[in-house]
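When the chains are written out, they are named A, B, C and D in that same order, and each has its own residue count from 1.
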Amino acid sequence: MARIVVSETDFDVGAEIAALTAGRTDIGGIGCFIGTVRDAVPQAGTPIVTALTLEHYPAMTERAIQRITAEAERRWSLLGCTVIHRVGRMQPGENIVLVLAASAHRQAALDATAFLIDWLKTKAPFWKREDLADGGSIWVEARDADDAAAARWQTQ
Amino acid sequence: MITILYFAWLRERVGLNEEALALPGGHVSVADLTDMLAARGGGYASAFQNRRTIRCAVNQEFADATAVIRDGDEVAFFPPVTGG
Amino acid sequence: MARIVVSETDFDVGAEIAALTAGRTDIGGIGCFIGTVRDAVPQAGTPIVTALTLEHYPAMTERAIQRITAEAERRWSLLGCTVIHRVGRMQPGENIVLVLAASAHRQAALDATAFLIDWLKTKAPFWKREDLADGGSIWVEARDADDAAAARWQTQ
Amino acid sequence: MITILYFAWLRERVGLNEEALALPGGHVSVADLTDMLAARGGGYASAFQNRRTIRCAVNQEFADATAVIRDGDEVAFFPPVTGG
């Protein structure tokens, strides 16, 4: 059963790993991904993002993430799984999302980690708005590359 | 009555977080509801002008254009998701 | 330039991530892998490993890891890279190895993380000996699957 | 003189961490050095009996069977690596 948190509060990666592995001696590898707020938009390259706001659909969010973690647990022999996604307003450099997947074997841990973040990006109801240095703000557009990354896992 | 929720730039263009709507025939497809809302003009027309950029959930499950909405359902419209 | 540590001392994942990302706002994703001591050997499945000893070739180890991190930095646009490998005797549940790779984009961070652990397993001079519950000990044999995992990256 | 190091089960079978050896002709291939050591019998024969399971480094760089070892070099023999 995965640990799922959707919150405005930042997370502590070390504490989350400790909680996932506490007292266990059957884990061989832990895969981890941390998404953070970047101050440059891909098109510009220069630091122009002053803040990021994550909007979500509260009644649907945790259920959607549960579907994703259940699918990961169906595909790989996981000994632990954590997904924490922040919502609200964040500054550049802050954490947005944490994925942890523990398994007896490293390949399962790494593959499950990549799968979880790919599906979170395309199948969970979050939307990012970037505040820009010029005072404007833009809603981040979904990227074809994210759909392609998520689709990689369909054929398995 | 159904509840309609709007998120991200759909919410901004429509100018509402949510609203209630009485369904004429007791049920409607997602595509037909989209047409009804777009036909209101103004912010609605702007929000719903490009159907390719709109996603929908019915009762907190992703739903396609052919999905049927019934009395009492919660329907949400939003752009493609961009979390993670 | 990667941070490389070979030491008998355990590492603090949270502190290592903090050091890698301190003051930075250009990072979008951090990939991480942690290898831990498992008390079951693959053939048995039951807990029979009482301790793991990591032997290495001190004069060669850091140089071999530098080659691997330099290759990762050549292949991906990394904004930070950390490899910590412990040596000596460890108990089940303890950390063995930490890999961190930070990039503007998640795919680079995840791919570099997988690459680094795959190559560490096959191109750095470490050898594992497992002490068993029956009093004996065995040297862990290299796995064909590890060679195959490392070879995936040759064609790129 | 060259220095020869042994690691993991090669070290245990040979019974030494390292030793010095005078090279007859001033240089030798990894393959020929392996033959010389195996021919000593005892723990050396046991350590070097299956060449497929032996790897070598010359001056801290992985080296194949055709690599040439020269006077002053550090040569290491060990099984396939299993770290990570």
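Quick notes
Basically, a contact is a pair of C-beta atoms (placed from the backbone, for glycine too) under 8 Å apart; a residue touches a chain by one contact, two chains touch by 3 or more.
Please read all numbers here as calculations on a predicted model, not as lab measurements.
Taking the mean of the C-alpha atoms as each chain's centre, subunit B and subunit C sit 48 Å apart.
With centres defined as mean CA coordinates, subunit D is found 72 Å away from subunit B.
Computed centre separation for the pair subunit A/subunit B is 26 angstrom, with centres defined by C-alpha atoms.
Rounded to a whole number, the gap between the C-alpha centres of subunit A and subunit C is 22 angstrom. Looking at subunit B, one finds that residues 84 touch two or more other chains.
Of all residues in subunit A, those touching 2 or more other chains are 35, 106, 117, listed in ascending order. Chain contacts here run in a simple line, from one end chain through to the other with no loop closing. Interchain contacts (touch definition given at top) occur between A-B, A-C, C-D. Taken in their complex, subunit D has these residues touching subunit C: 5, 7-9, 57, 60-62, 74, 76, 78-84.
Across the interface of their complex, subunit A is touched by residues 12-15, 17, 21, 23-40, 47, 92-93, 104, 106-107, 109-110, 113-114, 117, 145, 149 of subunit C.
Subunit C contributes residues 35, 54-57, 59-60, 63-64, 85, 96-97, 117, 120-129, 139-142, 146 to its touches with subunit D in the complex.
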